[in-house]
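So that you can tell them apart, the chains are marked A, B and C in the order they are listed, and the count of residues begins at 1 in each.
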Amino acid sequence: MTGKRRSQWIAGLFVLAVLTYLYAPIIVIVLFSFTTSPRLSMPIEGLTFDWYRSALDNPLILSALTNSLVLALISAVAAGIMGAAFSFGLMRLKRPHVREALIGASLLPAIVPLLVIGISLAVFFRVLGMPQGLINTAIGHLIVCLPFVVLTMNARLETFDFSMLEAARDLGATPVRTFLDITFPLIRPSVVGAALLAAALSLDEFVITWFNIGNQQSVPVLVWGMMRRGVDPSINAIATLLLTLLVGLVICSNLLGRKKRS
Amino acid sequence: MLSLFVLSFWRAKGFELIPDFTLANYEKAVVSKLYRTLLVRTVLVGFVTAAIVVPIAFALSYAMRFVFERRGQLILQLVLLSLFSGYLVRIYAWRTILGKQGLLNSTLQWLGLINEPLEFLIYSNIAVVITLSGLLLPLAVLPIYSALLNVSRDQMEAARDLGAGRVHLIRTILLPLAMPGVRTAFAFAFLLAAGDFVTPTLVGGTQSLLIGNIIADQFRGIGSNWPLGAALAFVTIAIVLVIYLAVVQILARVTR
Amino acid sequence: MTNAAVEIMGVRKSFGSMTALEDVDLTVADNEFVSLLGASGCGKSTLLRIVAGFEYPTSGKVRVYGEDVTTRPPERRPTNLVFQRGALFPHMNVYDNIAYSLKLKKWSKKRIDDKVEEMLALVRLEHLGGRGPTELSGGQAQRVALARALAGEPKVLLLDEPMSALDLKLRQQMQLELRAIQRRLEATFVFVTHDQTEALVMSDRIAIMNRGRIVQVGTPQDIYRRPANVFVSDFIGQTNLLRGTVQSIQGGVATLDVVGTRLTVATVTGVSVGARAALSIRPEAVRVSRQESLPEGRGVEGRISEIIYLGSSIRVGAVLADGTTVWADLRDEEAEGLAVGDLVKLVWAPAAPTLLLGDNE
């Protein structure tokens, strides 16, 4: 009994240490977005909202934000629909190894460094003669989002009972009616959840954007430029805003997924 | 990817790309001393990062699965959430923490533990590894944790019942069963660390540039040379893949 | 055949290179309760799904009340199916689940209300109309599934192992209820199961399936007393199989040589002298005797190897000279004084055994 208690303690401390390691950077950013001292050092001198004001005064922020939101919207809608169709099709496949292989293939982009995907796309579009810009970037975001969307959709569709669809047909519903009455209402939370996840990934995506957006802006590209120039506390402010948005999206996405299960 | 491969045989002339079949880019990539140094450093940084990340991810997954059980899910959610908390932001934050006048140094000085700032903390390979490990840990946890989900408590208890000690249990039961997950985790950590260029730019400085920086510069920067960048990328991919496969082989042999 | 509800005619079904059904013929009469019984993978569910319209036969025809439905999609067939795990719609409450097919038929609100109420009363869940499917127990969920399938007044109700997920007590209770509902509605039920007791309890007739074929169709009594072959006798209940060679056939009686003992049994068509055959005797028909003489043609000698107490009876196993064990179910007083190692005679009434052609060993 005491042995078990002790191992729980050790494991608890370990988990705490890891979580601190993961979250320390985030806490630091949020914290320093409110401190008066432009130097990021201890001890903290005072609190202020000035950095938020100067961040929003940045003339580029508006176009960057607009572009980022457009990209996020495209990613959410396109990845949501494509991911759902793909996963749903996968689940109906009868042969397990074909399914496994297709899932594996769809997850492949997740393991390729973004740098490689980014430059490959840049070259690909250049060969096609498409000028760099938002469209190319949106396609890039889609490639990054799809594995995550497929992964979450798969997990959620695993519990989907396909005999329900047969039951509806048996009770007299045409295939279209079955989709409207049964399939769509049941998978809607999962699709929306996956779409929100895609939006979050798109908002945060930097590397592919960097190589494909040309001379346009997006929030991460703007932040990158500021970061390279040096220490600017308004970076902390923008980062905190972005962070809030991302975490909000991911939490919403998770809650939607959970509701369906109960 | 394919177009990138083709491009690696082309030539660049100013901003024009000229179709060609030349190995000059590859020659440059292999012969240049700078590129070679960077390649070696990239592989080392990637390897060290993976070597740090995978054991931590395994220990964390073990704790979540077998010590905390139900509550492990909550911890997993927290770990994964950090993945969505800003890629650039997290790298930048490490610069804030590790910087010469950053949080860690100023705190230590404030506490009187050190007089001079610890210089090695920033713009060094150490800074790059610390930052990359933080970025990639959640990605490594995911496959290992899901592999451990397939190991049932009954199997563990059966092994203990048959007389396996804790260490023996992990070595003979858990590791072999979790091996596919460990392999994926290693792939994530190693490949993605070796392919990152943002981290070395922000926390590595000129001392710790990686091959990714050079490749990125060939595509976006002054004096960019796309074909050369493509060739460099493929040389890197080839080397990294060979090392990855070798490591997987060794891992498989060790756990057998 | 004017009163045939379902006619399955020469139905074959193959999936790729695998054949699931081979030339199945079966006719289900109006108001009849027929069970398709067999081990998993025997093709019984595939046959049911062909009748429901979820699979189409590779060749052959399916008729429901004279209408050819072979190529009709499920939504246009006068059959409804109760699924193995209910397949209730989780986003609709019990009322909406039951009303689903009625709304599709555009019934009036009043008529739907009345019908749903009637169905809920039928399955004794009057007060659960507003519940969600996740708030139901396993037994309640299956009753709702039954009510939902019956609400649309199908001409034939198909049931695909609807009780396999329930525990034994509940299953036994539901079997009787289901049978009572079928009688009350005077409906035609086709029921798929792998549980022989379930099939025996509920069915008017049982069709036993093996490897994609129907091997015997008959009333429960028929099948239990007169199994058509070794497979059926082994599958339904427990039986002793005494294998041997046919020595002679005279006056409707065949004589078999089983381990050096001559045994007699009523002959069946297709038996010839010299053929391998088996005698099937139910354990409850076997008696144990200590007398010296063996009754002519209806007893064998063996040594008691096991005595098992079963509560209502005692099961005694005796090993014959060739190593076969013959089981006898005895009442307490019959088993008195028997001990393991005793040399005994195992005897039975002349009409007890059935002759089976030894198709598979």
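The criterion applied here is as follows: contacts are C-beta pairs under 8 Å (C-beta built on N, C-alpha and C of every residue); 3 or more make two chains touch, one makes a residue touch a chain.
The structure displayed is predicted, hence computed values, not measured ones.
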Practice item. Examine which chains touch each other and state the graph shape they make (line, ring, star, complete, other). Key: line
Practice item. Tell me, please, which chain's centre (mean of its C-alpha atoms) is farthest from the centre of chain C? Key: B
**Study point:** chain B and chain C: spacing of chain centres that average the CA atoms, whole Å
**Key:** 61
Point to revise | Computed distance of Cα centres, chain B from chain A, in Å | key: 20
Practice item. Please work out the Cα centroid separation of chain A and chain C, and write it as a whole number of Å. Key: 54
Check your understanding: Multi-chain contacts in chain B: which residues touch at least two other chains?
Key -> none
Revision key, fill the gap. In their shared complex, chain B is touched by residues of chain A numbered 7-8, 11, 14-15, 18-19, 21-26, 28-29, 32, 39-43, 110-116, 118-120, 122-124, 126-127, 200-201, 204-207, 210-211, 220, 223-224, 227-228, 231, 235, 239, 242-243, 246-247, 249-251, 254
Point to revise | Of all residues in chain B, those that touch chain A in their complex | key: 1, 3-4, 7, 17, 56, 59-60, 63-64, 67-68, 75, 77-79, 81-82, 84-90, 92-94, 96-97, 99, 101-103, 105-107, 110, 134, 137-138, 184, 187-188, 191-192, 194-198, 201-202, 212, 215-216, 219-220, 226, 229-230, 233, 237
Check your understanding: In the complex formed with chain A, which residues of chain C make contact?
Key -> 52-54, 73-76, 79-81, 83-85, 87-91, 100-101, 104-105, 134, 148-149, 152
Review point. Which of the residues in chain A come into contact with chain C in the complex?
Key: 161, 163-164, 166-174, 177, 181-182, 185-186, 262
